[in-house]
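Structure provided below as structure tokens; questions to follow.
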Amino acid sequence: MPYVHLRVAGTLSQDQKAQIAEEITDTLSRVANKSKSYTYITFEEVPHDNWAIGGALLAKKD
Amino acid sequence: MPYVHLRVAGTLSQDQKAQIAEEITDTLSRVANKSKSYTYITFEEVPHDNWAIGGALLAKKD
Amino acid sequence: MPYVHLRVAGTLSQDQKAQIAEEITDTLSRVANKSKSYTYITFEEVPHDNWAIGGALLAKKD
Amino acid sequence: MPYVHLRVAGTLSQDQKAQIAEEITDTLSRVANKSKSYTYITFEEVPHDNWAIGGALLAKKD
Amino acid sequence: MPYVHLRVAGTLSQDQKAQIAEEITDTLSRVANKSKSYTYITFEEVPHDNWAIGGALLAKKD
Amino acid sequence: MPYVHLRVAGTLSQDQKAQIAEEITDTLSRVANKSKSYTYITFEEVPHDNWAIGGALLAKKD
């Protein structure tokens, strides 16, 4: 019953999301014996002006 | 002081969100004696290509 | 495919959590036609000194 | 290694987000000795019809 | 700048968490070109009476 | 109506949490005109073996 939420700065292609979901689901199944059919993964693509590191927005770092 | 976050795959109508919020708030008040005026509920409508189950994006399952 | 996360200040009894989970799942099924078997609900019971409102920890308000 | 997630109802300007991120990062550094370069802050701007308080959507309160 | 949060029902050993973190970080680096040193992963081990599926707590399903 | 969730690796003292909550609430009020009485802040203190960076658990880095 794992639930995984990924936040990334910027966007991912649908192919990247598909492969990431497949690999993480495989990892959880293989390493921790978690049923694949019960594994949920959600992606949240965060715009660069909504993510800060070191006290500055990524959008302002360019 | 409950805080409830709902992620759903796809979208909900405003009427559905209004009724869900009303019912969950009522449940928390009646079952756990939580003050309705302190109950926050947020909805996050996740696109089908941002949600995976069983290692595959919902968008790819069609 | 709904995923619901509830944060409450303090604790809930197992009976309260069971009834809240049953009612929220029923609400999502009835109002938004979400499959009950795909509805995940997780509870997070937050200690009073880890929750602030109005700039003050709940634990300090006693 | 702090990770801070802010949900606000409605939107913020980029200047507001930049200043909030700078001040929160400064607070965590000064009060808790957290390294600024390891502090992540993400903003999520929630539409008024996705946020309920007291059982009613903000969008319906107008 | 990925941030990954995993909720699992029950517990994981430290070795399982270490391997899962290593593999997910590798996946994000290889598939999406995300810098490993900027990838944060947090685990939340949820007790069985704090996780419901199909309207029933896992703890009550035994 | 801001809702802020802070995850930190390790623990904070009650005094640190109280001061952080007060300062963040003040920041949101001053910069974004958010009502202090509607600002919720929750802390989650994450054990070092539940937080990874660069693919390794913090607990393993000692």
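Observations on the structure shown:
Lettered A, B, C, D, E and F in written order, each chain numbered from 1.
Everything below uses one rule, namely that contacts are C-beta pairs under 8 Å (C-beta built on N, C-alpha and C of every residue); 3 or more make two chains touch, one makes a residue touch a chain.
Just so it is clear, the model here is predicted, and its values are computed rather than measured.
Chains that touch both chain B and chain C are the following: A, F.
Shared numbers divided by all numbers used gives the overlap of an interface; between chain C and chain F this overlap falls below half, so the copies present different residues. Distance between chain E and chain F, defined via averaged C-alpha coordinates, is recorded as 20 Å. With centres taken as mean Cα positions, chain E sits 11 Å from chain A. The set of chain C residues touching two or more other chains comprises 1, 3, 7, 40, 42, 51, 53. Inter-chain contacts occur between A-B, A-C, A-D, A-E, B-C, B-D, B-F, C-E, C-F, D-E, D-F, E-F. The touching residues of chain E, when paired with chain D in their complex, are 1, 3, 40, 42.
Across the interface of their complex, chain F is touched by residues 1-9, 12, 16, 19-20, 23-24, 27-28, 31-32, 34, 38, 51, 53, 58 of chain D. The touching residues of chain F, when paired with chain E in their complex, are 7, 46, 49-57, 59-60. The residues of chain E lying in touch with chain F in their complex are 14, 17-18, 21-22, 25-26, 36-37, 39-45.
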